[in-house]
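Below are two complexes that have chain A in common, paired first with chain B and then with chain C.
Moving on, here comes the complex of A and B:
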């Protein structure tokens, strides 16, 4: 939470001889339509023991730089220019060349010696980075033996066990396969594998993006600790300014393949020179942002404050929808074709109410049953036990009763998490948006089209987008289309299931602003599901905290965030960067 | 209301790259990719030429002045030797009979090839049509329903895949002959065709249905299906409007690759004598006859052999090109 002091002291003698020196790096990908530049003339130095944050939105070229430093680009389809020079630390032996090792254009034999030994990489998805068929201990030992030819099996095994202990995994679990470990532990294994050969430079590409906040915190703490201990220089690639604030000494902001701004983290966070940096820093709400305020975006770095109209007194907070002791079991794995598996509880006795005109935030880590609750309330899944009421009417049978679900879907609509998966790639925007109109209204084709055009205008797109297909849009625009579809039949309740977590921060800010505008304009009630506490605090009136299918705490926003009662809520709040 | 944000608008790709072809659907994009594929276009041309020849066979035969059933060699002296072999070199090729005459019966080879193509194509296309309908309906339905239906389907598929198709066909032909056809009459042509089409379809739909089932099962987990359910769409809407448009690609690929398979299978059956009988012209039977007289008249084998080779090759290349064009990676 205290950003400024999070990163340790700057290493001494940073400017003397950088561990990694990148000069005028350009990378372009060959496509059938000609070369597409991904990185254009980026230069920076990474001092030994320093942590540099490479920040930017998706498509800004930050991962491309990471891959280029390891020489991992496919030479058949990628053109890399400029220079990436490694200067091994004195003690690490090997390379006697005082000028260092040039990675760009180096032959494969040189690169093989560099990868893993001098420069190591931590990828985002630990499950993909580990082989599913080998134990983690064997994989660690192999990583060691690749660069220590003379090391025996026994020595490698001992070294692997020691490294596992070092990242906080009992050495006894060296015999486990990756799927037997939790996400956080897998990421620790990947970190151990990267550090086992004591590299000079560690490149971490979104190392914690796939993790829950609490685990993210732990992994980041571990990485910082190990980095300080070994003196490895680290290049941390991320789009999360919070992570950079917590870990990095310096940051380099990238946009469309170019470096926008570079400087000490504290300075850039407090007073960035470039408006893009300011927008990037401000776009993600933190626990100190004024709730409900317009978030700055790249186009609008200094938004006008919102009219306080949303604060008006509501006459009667009548209950719109409620869950009463809802329990959902998933069918377990069948042990034989005849016997049903033991049911796995996803939601255990949740009681929740959503008042008219209210936005309820549902917070929890992955697997806590948030999405299951959304599906139960939308009538897509039948609860195993308990009642679901909308306007006092029992709707728990909607999942098995098509008529009831049709009636319910007129009132309750969903906005989905993944704007790429939730729009049918083979249907045009017009078809997607008019589907609910065709089902629920008697409008003719022309009237439906007019309404669809109107909806697109409402979500900030234009009527000319109607004949387009989803692949022609960016993620933020797709999410707007999803919102337009949800609004088409003028529902009373919108269930938004992680609507912004798949989006870049600045796009996330745009979509949040849009949702806040629409909520005020259309007087919507919302169930807003998110794992991001800062976003929930910014957006919701009331908050419910969910843990393994049970409600831990429910209360008004200020009560939950200022004076959390449950220890779990406190833990979650502490983990927010 | 937020205006369309300037940062996002440049990402609206078609406006930037192809103003003339905006709002291309994925199929239209695939068509464009296909048109750029030279091998694909050539093989499509060959396939179309074959189809055209087959369609226009009677017309071509009339222009050529020969038909496929008349025994020119026996009626016209000087074409066949007393042993039944063509007198002229290269299988009796001449200005009169361009591709020579058949040894023994003395029919015109070119006319037989043209009509044989009709036989092959008719059986292949009819079977593929039946396969497509059964495979799509069963595959999508099973994929969407899953559960007990899915387990039953998998079992039926395994049984059908375990069937020795070739042996069944070999055994079926005499059974039908004795059961449905009188001892003194020939099996009518429509019955031969129907039996072949039915057997090819009865086993051919299984792979297609399995491919589509897998495709639909993964599509079903995608959020857009849930989104359709959430807006209140009926099951029929989901299957036909949301899922079906997404399985055109695997279906088209499967079908283009199934046609050459059926053509060769049909030729193989006729070669073994359980396919199409005399007097209906057929490539497989021509090759069979060619193998009998190969030492004395090798030319007779060349024409049907090359015809099948070129036809199957071009269809396979076409299938590959279709798959490349529909590949999501080329679609981006």
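Moving on, here comes the complex of A and C:
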């Protein structure tokens, strides 16, 4: 959604010296095969109090710029050129030098005083960014004491507690370790840690990407609030245009280490000059994109509109697959060596149907039981209670009955989230795609290979890719291979578990376009699992909303998105950026 | 943490009980008659039978085992070859008819040698192994890294008896820098205690340091790229302090576990080192007992070695749980 106004008023005093001035920045990494450029001559200014979105896909060099601003690159393997100059705000007590502090090439002693004090960083994955060995209070207090040498432990502790309260965490949780906090709370701790010394510049690298939509919304609101309150300039690194629209005054679009386009957020979102920016902005479906339309990609920034999705006349959609009161419990953690742990319910009595030729979207936050339902339907997990039927046949025992499971896998295939983890790195593409054919069909080796070649063409690759290994492909290509493998035996139902979540937005658009083509061409039924409501709205006919293992709402796309009945669904929709 | 501690201690006790049962089985797995050996070659049949009865070997196996377990806990009285009763105080590991003393006393006589040897060797392992690993990791890719790695490979590939004799030749016989290795109790003369053991410490430590150096280096290099280490640097913490406070802590768990095993193993006796330098420690006692068919001593030393390993492995697990709060959950 285009909420350009949400960023609030532009900071005044743009004429004053910028908080951060980057000129002709180049960064290259030394590799055994020679230097690889990551950033090639990028320049921009960041005014005090301003929020600048650094937008681009993975590999565009945006995170590298963030690390360079803190001088965090390994000097042994990285060449940094150009200039990154900090101008401490008046009264912030930093260097009085009107020329500011040059970060590029600065000695470690200078950088140590800059990091965490003048420039602070919020990293993407808070679980990874916080030390698992120390309490969050201790980590906050440490951040304070590093730059306040004469502060005692007590003062630092009090300051840490106050900062925790400021980001909405009770000070009593200061003694907790990161693993005892929720994902949203952890990210709040990271933000508190970055802001504890009131830095002039805050660099946030994908600060909310790992969070559920509702939590993302809360964390972004908090960041914006704190940023406005302290007047800190913020560089927000992201590939999510929705986040940029909600938070940033200006945006800088990067591609392959170069700045493509720069300007006010509302202007670029509405009418970007560069086709790449247009593709990036349009690639992610929003809640206003016409459902089922072709999404623009970098290769095809202005796609011809897909012929209107003909409302297929399905007089009586026959049920293909069905869950009936399915309950799944996971064994709980043992509290003593003698007692069994109490079972943890993951799915609590879910009933839903997938009709022939239909795509059902399953929506929910992490831990809501989406993937467990996928596993039950694929016959990989036996439900604790309830019935699972495919074509009217009870398949709930498939997980413990190898013959049934084998028969089922001919009809039901999976596409997984992570295209890096789901393909065996030691098998060629030909082996990956022909394995299901070998198991399920009587085709001979040559026929299997022909079919594999045909499948690759179908997913937009070519037969020449057959002898290659997965690591030779990009993420999007790998996901195409995963789709080809799933389609090999001509299944009736495809279960796609977050198939585009790990992909860059424009690659996500390509894969969604491909799935839409294939679905129409092969008349597939699909269970499409996603946490991204906009994608589900774009792709699915019917939607089921899951919360803590229970269905809160099921209905047609239009019913659920236009007139949601459950308050939870409304909450989820409100959180979409 | 308390629950975790309790569980680990219970587990350790169960393992020790199982090992005791297995070691006790040695009595019956041995090809020779323990009574005959205990009595000696000059015994006649009647005397052997008397010894058998005195040792309780005519009892059912289960009752023998429970006697043995009871002896471990409360002590017991054992008949000598001539039938005279001998009081074996708890924890009674049995009576050696070869040495004519309770096994525990025989071990206690030699334990100071073993512990002195192990303690010094461990210090060398920590300084040389962990120290070299740290330096190599912090200076990775430099000449220092390559030199230390090569040095450690040398340590891993050379045998104690070779290195021991070579060093003894150069440091003792040729140059006279060190006295001939010998054991002088620490309480008697600390200086001579250290001087007499320095060479064995160096040899035993150097040979075992290689594994620690390699593991320290690889663990440090792996942890160095973890997110929380980067966060610490982004906070403004200096490189060295970051690595000591965060990287080392993240890298420590496998090292602590390996160290627990190593301490346990060294306390159980270092036979080769003891033999090379003519030190009479527990390792030598154990091997002498095996070659001399002195079954009570064999069982006793096996139990002692197992005890040390189980105890130190458990301690290591507890240290790991203290280092990393996430471990306590599982």
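Here, the second predicted complex is superposed on the first by the 566 of 577 C-alpha atoms of A that agree within 3 Å, B and C clash if a C-alpha of one lies under 4 Å from a C-alpha of the other, contacts with A are read in each partner's own complex, and residues count from 1 in each chain.
Definition applied: a contact is a pair of C-beta atoms (placed from the backbone, for glycine too) under 8 Å apart; a residue touches a chain by one contact, two chains touch by 3 or more.
Fair warning: this is a prediction, and the values are worked out from it, not measured in the lab.
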When chain B and chain C are modelled together on chain A, clash or fit: fit
First, second, both or neither for A:422, with chain B first and chain C second: first
First (chain B), second (chain C), both or neither touched by A:298: first
Which of chain B and chain C A:513 touches, first, second, both or neither: first
Superposed model, angle subtended at chain A by chain C and chain B (C-alpha, nearest 10 degrees): 30
Partner chain(s) touched by A:482 [first = chain B, second = chain C, both, neither]: first
Touched partner set for A:436, first chain B, second chain C, both or neither: first
Contacts of A:458 with chain B and chain C, given as first, second, both or neither: first
Chain C versus chain B, contacts on chain A by residue: B
First (chain B), second (chain C), both or neither touched by A:471: first
Lowest inter-chain C-alpha distance for chain C and chain B in the superposed arrangement, angstrom: 6
Residues of chain A that lie at the interface with chain B and also at the interface with chain C: 337
Interface residues, chain B side, partner chain A - complex: 1-8, 11-14, 17, 22-27, 151, 222-224, 226-235, 237, 241-242, 245-246, 248, 331-332
Interfacial residue positions of chain A with respect to chain B in the complex: 33, 297-299, 337, 375, 378, 380, 402, 405-406, 408-410, 413-414, 416-418, 421-428, 435-436, 439-440, 457-458, 460-462, 465, 467-469, 471-474, 476-477, 482, 485, 488-489, 506-507, 510, 513-514, 517
Chain C partner contacts - residues on chain A that touch it in the complex: 70, 72, 76, 108, 112-117, 120-121, 123, 125, 128-133, 142-143, 146-147, 177, 179, 190, 193, 333, 335-337
Complex contacts: residues of chain C adjacent to chain A: 3, 7, 10, 141, 226-228, 230-239, 246, 249-250, 323-326, 329
